[in-house]
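Okay, so chain A shows up in both of these, paired with chain B first and chain C after.
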Partner chain A sequence: MSNTIIGHNLLSELKREAQKKRLAGENFFADKIVNDIFANAEDIVRKNVVRKDKQINWSQKADNVLTSKITGYPIMLLTLGVILWITISGANVPSAILADVLFRFQDVLTGIFMYLGAPDWLHGVLILGSYRSLAWVVSVMLPPMAIFFPLFTLLEDLGYLPRVSFNLDHIFKKARACGKQSLTMCMGFGCNAAGVISCRIIDSPRERLIAILTNNFVPCNGRFPILIAIGMIFGAGALASHLQSAAVAGIITGMILIGIAVTFIVSWALSRTLLKGETSSMVLELPPYRRPKILAVLYRSFIDRTIFVLRRAVLVALPAGAITWLVSNVYVGEMSILAHTANFLDPVALAIGLDGFILLAFILGLPANEIVFPILIMSYLSSGYMIELDSLADLQILLVSNGWTWLTALCTMLFCVLHWPCATTLLTALKETGSKKWSFLAFLIPTGMAFLVCFIVAQSARLLGLAP
Partner chain B sequence: MEYSSVSCRVLREHFGINAKENQKVIALAGNPNVGKSTVFNALTGLRQHTGNWPGKTVDNAQGVFTYKNNFFLMVDLPGTYSILARTVEEEIARDFICFGQPDVTIVVLDATSLERNLNLALQVMEITSRVVVCVNLIDEAKKKNISIDYAGLEQELGVPVVPTAARGGIGLEDLKEEVYQVALGFKKVQPRKTRYSPEIEEALAALIPKIQDLGWGQFLNPRWVALRFLEGDEKLIDNIVRHLSLRTGQSMNSEVEIAL
Partner chain C sequence: MQGAKPKNKSQITLSQMKEGSACTIADLHLEGLLRRRIMDLGFIPGTAVQCVRKGPTGDPIAYTVRGTTIALRKEDAAKINVFMA
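Moving on to the complex of A and B:
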């Protein structure tokens, strides 16, 4: 018996000593051990293996550039910027054409309703409500999606995304999160619900939770059009037209970077408070570069993503448009229900640089972010400013006449990137974590961040006298 | 010697492996997608039994084969890139090699990406010396113009190295022969020691004597245990204590006694 106790003493003494050494090594021993094993393996291979494999050499060279500490980050940033630039400049024209066609058809529909002598409210609900928000969703969302998704899938097919994950690994490690989180973030660009599901690839439950809770900070496809539209309206006005797309791409890249920065900050904070723990290393197999199968890419991005997301948006937009029209046209006293609610929200909204209508649109957009912008436009339109909206310039007039400044635009974009996840994402988080507490946090953390960041930005801009 | 074989059996049963007295236990490790299952199927044929690892949702396959009138029970470990126990699969693979005390561990490597694959072999060689390295997919490597000096590799690693193309049935007889030689102790193996950075080696040198004092030396490689202490893998350390107490307390005590 006494022997066992002595054995235990020896053991705890040993644990203490190892801990001391570990701390002296600044906790990098685990990493160093892995690195040393790889160095040994490299050494053995160098002595015993001769490679005349052209393809491997070629991909090794590509890896050296794409994952280098110096060129890796600029290339990632540039790729993101270029993709956004192509998306924006490419989406411009088809967006305008679609809007033109769809809104002209609205006039035709209105004509038919008039001819049939349909009551005003029916015309309002069906045409001004449902049809118009549908037209908005399609004309604003379809072109950027149809360009962005294939480009993104192309990168995926080329084998670039795992390299991105590799590059970002050490930042995630600093935040004590998993490097694979960057892959789940990439999924989040498409759809945050899909991003949350993809967190299954992270093995450690702690790191998986961090990834789930922060996935919302990458703007999904439903929020992209809001960023693009606002960016185009306010970001590019001052510049020569051929520079506009680049400027808008720059603004949106900036927004995405802010979202990514917040992801790191929140991950860092979580792993030091609620989800304490050390990071685990991961082995990431960098797949060979492949020539992408263009047809498969087009099919996958069109059917699996574009059509899928668009369908969801349309299904939500139809009823939401009708409801929004109703609440903005049913009057209680002097004002519509919508205006009453917006007024009620106004004090809070103004403090964070928005207005009541914007905040209300985000709240009503909980089922799907895609409809936030259509709701917003509709609520502005119903409050008196009737304008034929067939170009972004008209949209700018509408927003400015409703009191928008550059600060409103900035705060709306920030709020858009940071605010609560859509209902689908929240339900997915509930399913994946199996816990109401964590799902509530998945709502609370982004909401808190959105209010905090917008409040700081709005208040400091006003204090400095930069905006009213 | 006889005593330790009884305790081995207790430990293996803990993993759901019931080897008969005369069966040698062979563990099969390797990265995912290196043809590990092909090797497994080629050696055991239809004499397989599949299930789960006890208490885990990870597949476990066992199969038997005979070679030169000796019986072998082969255990297919989960495919992993390392055995640093970052995932359930890695933990299973490591714990079996560490506590299941297989008579031989075969590490299957992909000849077309030896660099990444060797890392697993080196990690296994730190736990157990009875390792046979199987370099698989040599046909693919040939296609890609990769030439490997197998004799040099064997000398460098200090354990038998067998080139195979399991899909075409090439090299499997050699693999069996080497496994047989090592399992029955005909061939002495002397695995290469992985060399670490000076600060790690320094810390190891200070820790190893104290680990030897614990009396785990007969059972586990003190150097490997010291590395895990340095990583701060408390769970493994507790696991070791638990597994050691699965052996009869008497031996544990006597070892501690000797140490003191």
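Moving on to the complex of A and C:
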């Protein structure tokens, strides 16, 4: 070593030499450093910290139940079901009130436009287009969000989510993925873009990519209202009102479980094809449970999440509403541009159990899933059924008169859970992976799964004669 | 380096510990980033460690070390030797 000629890149040579020494010492230096740091810390603790012995270990007791072989899984499922049930049954009344107020205000606005003698097209674009889809987004989205987000933040604050990872890790291990992926999926319930960002907690790049590519299979808050509305109309319509919320919660829990199952299947397949590799390690901290700070939870979930997501939805809804009104009211020949496009999409859409308008609404909803349903309603309304929509019963009449069956409802819900991510999520994936190829796959994989699953469901139902 | 086999009778691996039992860490047969991370969390030779609970299928396993609960996968825990108390 002493006769090594030292070149001009002295520093890098030295660094390499140091690295070699360190590795040759079989972790000796690194271990020594860690040892000394801990010895130092222990010393400080011994001199300054007085521990009270009396505290009962509540966390251990809670974990005995929450991560037990017998009760661990049922409690997870039950928690999910109860949160959805509270969200659905709690959102009904405020949704109806908001819709009532906002649509009454629409009449006032229309009155003003008439008084001023504004042209019909202006009234159409601004009121029937922008304002009405805004009213729909707010009245349908706001109440479930304002209930769901605080409840979920509460769970997060309690420290329950790492236990979910602890319980589910062995399944992720079988898929050669990381148990922490379940944490990123929990974030995805709120917003998939946030879910994709949270994948940074996964250390192995391969497993992080798997989590990013599959995050979209967890339905985000923008998609819940679609599931709730359809579940309410087609799944629980015949039941007594006090059973409805529970039935809808059951249906949506089922949909979420399908999404989770697809997550596992796709993760498993990716680990064996595009992202080949063995599972790496997982180190997961289980922090003690703590009493949630209710006010902080309310503030954080309301300001940080609800307002943020709602603002984005509103910003997209205004232009999208105007554009949808335009394309559904500008006629080329006998039909509007919207109807032409829907007709064009019809054959493909019918094969997967949807119709052209539904598929078109999902495509136009790319900027934000929140506007899919308002767009769909507007396109149905403009195709001849001019009724006032202020209740779910009206919505049911509208959908059924447009040819919806239970199969349409089921396929629309499946498509909603599985289809391509919204534009924000795709852009986030691009930012996080730094690769156009992986971002494109983040679009392609869900799209493929949605078409595949809906196609199989629709075709088998028709083959068995269960649906037209 | 590769042999994670315990050297004598009183030594077992972290993954062989029974739920509720306590041991002292002997040595770690882990390499690279994982070794660093696990040591940074306080798994260093001479430290008392307690096996708190196993996951629903026996994997991962949660250990308490220096007042913190950390879950490790079985394969990783099998590379850490401990002295039985």
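In the analysis below, the second predicted complex is superposed on the first by the 412 of 468 C-alpha atoms of A that agree within 3 Å, B and C clash if a C-alpha of one lies under 4 Å from a C-alpha of the other, contacts with A are read in each partner's own complex, and residues count from 1 in each chain.
One rule holds in what follows: a contact is a pair of C-beta atoms (placed from the backbone, for glycine too) under 8 Å apart; a residue touches a chain by one contact, two chains touch by 3 or more.
Since the model is a prediction, treat every value here as computed from it, not as a measurement.
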item	value
Touched partner set for A:167, first chain B, second chain C, both or neither	second
First (chain B), second (chain C), both or neither touched by A:50	first
First, second, both or neither for A:10, with chain B first and chain C second	first
First, second, both or neither for A:34, with chain B first and chain C second	both
Contacts of A:447 with chain B and chain C, given as first, second, both or neither	neither
Touching partner for A:21 - first (chain B), second (chain C), both, neither	first
Partner chain in contact with A:79 - chain B first, chain C second, else both or neither	neither
Chain B versus chain C as contact partner of A:203, first or second or both or neither	both
Which partner reaches more residues of chain A (counting touched residues only), chain B or chain C	B
Shared chain A surface residues [contacts with chain B and with chain C]	30, 34, 38, 203, 280-283, 285
Chain A-touching residues of chain B, taken from the complex the two chains share	81-82, 84, 86-88, 114-116, 118-119, 122-123, 144-149, 152-153, 156-157, 194-197, 199-200, 203, 206-207, 210-211, 213-215, 226-227, 229-232, 234, 237, 241, 249, 252-253, 256-257, 260
Interfacial residue positions of chain A with respect to chain C in the complex	26-27, 30-31, 34-35, 38, 59-60, 63-64, 67-69, 72-73, 166-167, 169-170, 173, 179, 203, 280-288
Residues of chain C touching chain A in the complex	1, 31, 33-42, 44-45, 47, 52-53, 55-57, 59-60, 62, 68-73, 75-76
Footprint of chain B on chain A - complex, ascending	3-4, 6-7, 10-11, 13-15, 17-19, 21-22, 25, 29-30, 32-34, 36-38, 40-42, 44-45, 47-56, 203-204, 278, 280-283, 285
